[in-house]
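Following this line, the structures themselves.
Presented sequentially are two complexes of subunit A, the first with subunit B as partner and the second with subunit C.
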Partner chain A sequence: MADYTIKVRRFQPESGEGPYWEEFNVDLDPSLSVLDGLLQAKDREDGSLAVRCSCRAAICGSCGMKINGQSGLGCKTQIGEAQELADKQASATGKGGEGNSIVIEPMGNMPVIKDLVTDMESTHWTKIRRVTPWLLPHGEPPEREYIVEPESMIDITQSMACIQCGACVSSCLSMEADHEFIGPAALAKAYRFVGDPRDAETHERLHDLADDPHGIYDCTHCFSCIDACPKGVAPMDQIMRLRRKAGEVGIEDPNSGHDHEIAFVKIIEKKGTLDESLLLQESFAPGIKGKLKPNKRAIREMLGSIPTAIRGIKTGKMRSLHKLIPGVHPKLPDQDDVKTIFAHAEEHSEEFNLYIKGEEGELAEDDVEKGIERSTDPDTPQEVKNG
Partner chain B sequence: MAENIKVAYWPGCVSRGFTPELHGSMALVAEKLGWELVELDRANCCGAGVIAEHNQELADTLNARTFALAQQTGLSMMNICSTCQGAQSECQQRLDADSAYRAHINEVLSGQGLSYEKDKGGFTNKNFLWLLVEDYGLDRLKEQVVRPLSGLRVGPFYGCYIVRPKERLGYGKHPDRDVYLEKVIEALGGQVVEYDGARKCCGFPVIAMARETSLRQAGTHVGDAIDAGADCLVTPCPLCHLNLDMQQPEAAKVVNRDLGLAVLHLPQLVGLALGVEPKELGMAKHIASTRWVEERLSAVAA
Partner chain C sequence: MPSHDVLVIGAGLAGQRAALAAAEEGVSVGIISKVHPVRSHSNAAQGGINAALNPGDSWESHAFDTIKGSDYLGDQDAIEIMTREAPEEILHLEHLGVTFHRNEEGKLGTRAFGGASAARTYYVADITGQAIMHVLYEQLMKYSEQIARYEEWFCSSLAIEESGECCGVVTRNVADGSMELFQAKSVILCTGGNGMVWKPSTNALICTGDGIAMAYRAGAKLMDMEMIQYHPTTLAGKGFLITEGARGEGAHLLNAKGERFMEKYAPNKMELASRDVVSRAEQTEINEGRGFPDGTVALDITVVPKKRVHEALREIVLVGRDFAGVDITREPIHIKPGNHYTMGGVKTDVDGRTDIPGLYSAGETACVSVHGGNRLGANSLLDTLIFGKRSGRDAAARAKRIDYAHTSKQVLEDEEAMIADIVAREKGSGRRISEIKLELGQTMDAKVAVFRDEAGITEALETVRRLKEEAKTAYIDDHGSVFNQDLIAAIELGYMLDNAECTCVAALERKESRGAQYRTDFPERNDEDWLKHIDLERTDDGPEISYSEVTITQWEPQERTY
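So, the complex of A and B:
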């Protein structure tokens, strides 16, 4: 048993007062959870402390909250670990010492109803419904079950693990800046259907999510949702898969998302290192030397970048020919070697090895004997092909 | 005294592009610290997550090539960019987890006389920040300080790629990696400013696709740091620097307030404490003026 101080951000709408902090002293084994600590405080000190919970085993997804600023589940975070983090954070800012308060707040990016209970409906569920979270099958459903290759479902097992707790939404840094961002939970859910071989509307789904200014290209790639998710869904990775699939089926979005990606890839293929001016130009006006096709938004973006460029020239930051003129950037001495790598990797029409399979030796040895390539392409069963 | 630092050095693209002051100041600081940097001038872009988004195997092979070039020197590798750190760590994790996949990638590299070997001679790839704290040591750093940053209030800004995901970035073995900037600021004699944005996103990855989302993030963090009393920010990531410094006037328009906060690259902050002049560190190349920082330090003789 050990003593802990939990500092809870409280809010009671009926009081007419704003939110405030309250500390509770609790006494429990370090291996027990932060939720156990909260329930003890509720039991012994203040029955009005509101927290949503049910299974206490990281299955129901009810007890999403922020613990020392990190979004996660109260029931899956050991109070001893939370104490270590609180002390580490205090030491970083010179406060130091042990036994610092463990700070507990309601989830972010959503309204608070009372204490740690947030309104999941207005943000989380509304966004989930936005992505049509059900199967849109080909034609009439079969009389009995759908028959699919088990391997063709591997690609979506990660997104299927979601328990709808909202921890990723709470942690999302794009949503902090743009409340309309569809967000990590809903986009991971979208990939669950985009990657499903039974779904007939893959192209329409991808077009919808790529065209929306608050869709897949509004994700700022900050990894917050990956660390927040208690079930290993890695929502950001699912968003990157949506982008990759959108590119593969040739969707040209109005947000320059696909153009930016292709411009980046082509520049590295040609030069080896990044030509920033060319990236800017090609992201907004791809193929300017060939067919000129910037849309209105792209022209606005290009013009909008001029003041920044002028400031860069003034300070000397961008005062050299290869930074000012797109395409003048020198290529690497061994650029042919880089090109060989591109030619080889682009040959594979299928993706493989997207998932970390575990530590060396656990799963890999078997593959060495059989050959090496494995596919996650839904049309290709997960059999071994020769490399 | 511990061994001197000698590493294969990957400067990245942006440090030689729109933030040339970073590459220059790193060279000066290495000289002051007595570090030997063997520059990987044949190495390629890390892909910054964008190439991985396009084709994972391509990103893995490109970075395996960089690791192999570093291993040819017989040294571990250093980068000066959070984004390089994150993008390269992602590929390294995938390569290290699967010997068959590694063999497949090495087959492509073998034509170039290259091969990436897991853990070869204890091979690591570390950002300057990690190397400074873990290999050089804060005590040795303190001994080198000739101009303590006394009274300078510095807000740390890490960059996402160097703090998340924890499991990939070695936080199991080095749990304090997300408080190293604070430790370095203190070791240099400065004062850490606590504000909301230190480990948040600068917004740079979506500057071309979602400009307002991007600049709102940069502007919010710079504003929060100003409100918390910061004299400047410090970052180990040049991409963060682009959004926090180069785009700062544009970010100010989006968040609708005056900004004007100096943003230093990590080697610049270290360099100031080691007695290097602001001009030599390229601080005049910044968009947000660094004059206030220089004035505060001029009271302390170098």
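So, the complex of A and C:
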């Protein structure tokens, strides 16, 4: 048993008052959860403290909340760990000491109904319904089951593992800037159908999600949703898979993001290091070095980037100007190792999926045991290793 | 007054399946759930769903395993229906989009499960319940024009008209506290089980036996209420579930001496004997001093290949890591038997009909009975879907035949008065709701669990009856309308106490050991006197006992060994 102070962001809509903070003292084993702490406060002190909860085991998705500013599930966050984080945060801001309050707030990017209860219908569920979230097969179903690749089912099981808790939505920085962004949960749900070989509307789905200005290209690749997700769904990865599939069916990425990724890989493969003078050109007009074949859009984009570049120079963010001159950037002297890494990655190219590979730590350790390069490291963005 | 031909209460697998089946018949459907549908406890069903779909397997084999598992208390006509219709239901789910595990040929693949003579459990990793329920919810969204969803509406009472037919329900919109009488031609109760009566339990906090209690109060018969399953592998203290799929994949049970003790109790099936058998074996080891100091035995998953664990048991890797601090791929995890499932419930026929015309029930709320004295793993999802579907169809057929009855508003006024009374109680006028809940849960877990005897059950019954009195004056803190969870907890406590009383009365009555009911004072099964169901009907003096026959079609009771 240990004593904790939980500081809860409260809002009682019938009181006529605005939101306020209230502290509760609870005593429980450090291995119990933040939700257990809240329920103790509710049971012993104030039954009006509102929090959705049910399973206590991270499978129902009810208790999404922010704990010390981080979105997650109350039932899956051990109160001892939450205390450590609260103390760490306090020392980072110079307050220091131990036994700082564990700060608990309702999820972000959603209206608050009461205390920790948010309105998920108007945000989360409306966006889920936006992606036509049901299977659309063509024709009559077969007499028995659909015959599909075993891996295809395992692949989409990662997005099926989503419990619709909203933690990713709560943490999404893009949605903070653009409320209409379809968002990580709904796009992960969309991948569940796009990746399903039984679905016959893959093209329509991809065009729909790509043409929407608040669709797949609205994600800024910030990883917040991956951090927040309590189930390893990695919503951003699912969004990147959607982008890749969109590229495969000929949908043009308005940000040239996909070409940009390929440009990175290609340049490093050729030179061993990143020759930035080639990056812009390769990203907007992929071609062989020296044979620039710019299309109209590429020229427009490159001219359009000049003001940004000038601002970069003025503010000191672009300092290695000479490196922008083609040919100045040196090659890595021994490129054989680089080629070996690329060859290995090519040979062992596979999707990173928790249902196949296990947890991150597990994977890294196994890699070490086997003595192979970390080319299947989950930290390496997939686009690169598959690019 | 909102009206629907068919009104489904509860939106787990049984409820969602019932709503979809009724809508297919072309009637108007409403589905009411006290939580958002995807929060329902069907999520927690990890391991899979049984069906004799493989070439070489047969529904008869599945039926026999189920009957033997039930310790011959299951009704064989109902079990025949469930096992015959199982393959078609699996294919239906697959066609809707469930991402079932495939074998190398790309066809549906299976895993082994307890009490089964063939590997016939279809699964999605260890999130089978979740995967199926989310797909059914996709279908609810798809058919939103035919099926109205009332998400976060709590039911406090059934409406019964003078002729004795069920004609609606009284509900409270959790979001704003408004009360509403819903009118319906058929009402289907699918509110799940009553695990919260025990503490700890693998069940979710919402599993408070609402439908069982509402039906009982309305005059419907309950059946087999003494049959409460204790799952063999739950985490000590918190009661979290470790799927039977772990043993299906080959995990061992070890006592503190490192012995694989199931050799003594079930030499053929070992860890994959029926759940009641395994739970009793574990409890015996613990009681006789061969367990660990924390009152547990160990589940050793390290014998399962690591790759297979990640592919098929990922959820429990997370449960072990997050809730027990144990890496199950490297070391054994401590487990014990824990409250898990309500085999009994509202007595229904094979189309979900209760004793009250117009009132149906399916899933864990209902007792058809397909599980009898002990449910086999991976038969619960099947039960919810088959009898959810059948109830939905029959409820729709009834709705097409009849007109709306006159529904009196009296019941709405009664419920509003009941709620006003709870809200008006002064702080300190009695005990806190949470205190009564805790005492109830601990009492039931101590006295009405794996091993039972007359003295213990009697003590529990007396405690429950005292708590019922105390609940009448228990006070709440929240006097508001918006998300008043305190008030809902007070009403749920009433449901739990009715459930508990019925379980105690039935457990006291059954003077034999069968399935989950093991009486140390009557340790043998006694077919001569007790091969029958115990039915309970509400009176002002408590449940009134009667008996009904067990339906036997072609499998005569025999000795049960694994």
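As a working rule, the second predicted complex is superposed on the first by the 250 of 387 C-alpha atoms of A that agree within 3 Å, B and C clash if a C-alpha of one lies under 4 Å from a C-alpha of the other, contacts with A are read in each partner's own complex, and residues count from 1 in each chain.
By definition in this document, a residue touches a chain if its C-beta (ideal position, glycine included) is under 8 Å from a C-beta of that chain, and two chains touch if they have at least 3 such contacts.
Note that the structure is a prediction, hence the values are computed from the model and not measured.
Trainee: Pick one for A:47: touches subunit B only (first), subunit C only (second), both, or neither.
Mentor: So A:47 only meets subunit C here.
Trainee: One more residue to check, A:76. First (subunit B), second (subunit C), both or neither?
Mentor: second
Trainee: Of the two partners subunit B and subunit C, which one touches more residues belonging to subunit A?
Mentor: For subunit A, the partner with the higher number of touched residues is B.
Trainee: Check whether A:302 is in contact with subunit B, with subunit C, with both or with neither, and answer first, second, both or neither.
Mentor: Once the two structures are laid over each other on A, A:302 reaches no partner at all.
Trainee: Touch test for A:243: subunit B only (first), subunit C only (second), both, or neither?
Mentor: first
Trainee: Check whether A:313 is in contact with subunit B, with subunit C, with both or with neither, and answer first, second, both or neither.
Mentor: neither
Trainee: Applying the touch criterion given at the start, work out whether A:13 contacts subunit B, subunit C, both or neither, answering first, second, both or neither.
Mentor: second
Trainee: Once the two structures are fitted together, what part of subunit A is touched by subunit B and by subunit C alike?
Mentor: In the superposed arrangement, which is not itself an observed complex, subunit A uses residues 354, 356-359 for both subunit B and subunit C.
Trainee: Write out the stretch or stretches of subunit C touching subunit A in their complex.
Mentor: Residues of subunit C touching subunit A: 35-36, 38-41, 43-44, 91, 94-97, 99-109, 124-125, 127, 130-131, 134-135, 138-139, 141-142, 151, 175, 204-206, 238, 240-241, 306-307, 309-311, 314-315, 317-319, 321-323, 325, 329, 432-434, 476-486, 489.
Trainee: Sort out for me which residues of subunit A touch subunit C in the complex.
Mentor: Residue positions touching the partner: 12-14, 31, 42-44, 46-48, 50-62, 76, 78, 113-115, 117, 120-121, 128-129, 133-135, 137, 141, 144-150, 153-154, 156-157, 160-164, 193, 196, 198-199, 232, 354-359, 362.
Trainee: Under the definition above, what is the set of subunit A residues touching subunit B in their complex?
Mentor: 88-89, 91-94, 173-174, 176-178, 181, 213-214, 217-224, 226-227, 240, 243-244, 247, 255-257, 260-262, 264-265, 268, 272-274, 276, 280, 283-284, 301, 304, 307-308, 311-312, 315-318, 323, 332-334, 337-338, 340-342, 344-346, 348, 351-354, 356-361, 363-365, 367-368, 372-373, 387
Trainee: Considering the complex alone, what residue numbers of subunit B touch subunit A?
Mentor: So the residues of subunit B in touch with subunit A come to 13-14, 16-21, 41-42, 44-45, 47-58, 60-62, 65, 86, 93-94, 96-101, 103-104, 107-109, 111-112, 118, 160-161, 164-166, 175-176, 179, 182-183, 186, 192, 194, 200-201, 203, 205-206, 208-214, 216-217, 220, 246-247, 249-250, 284-287.
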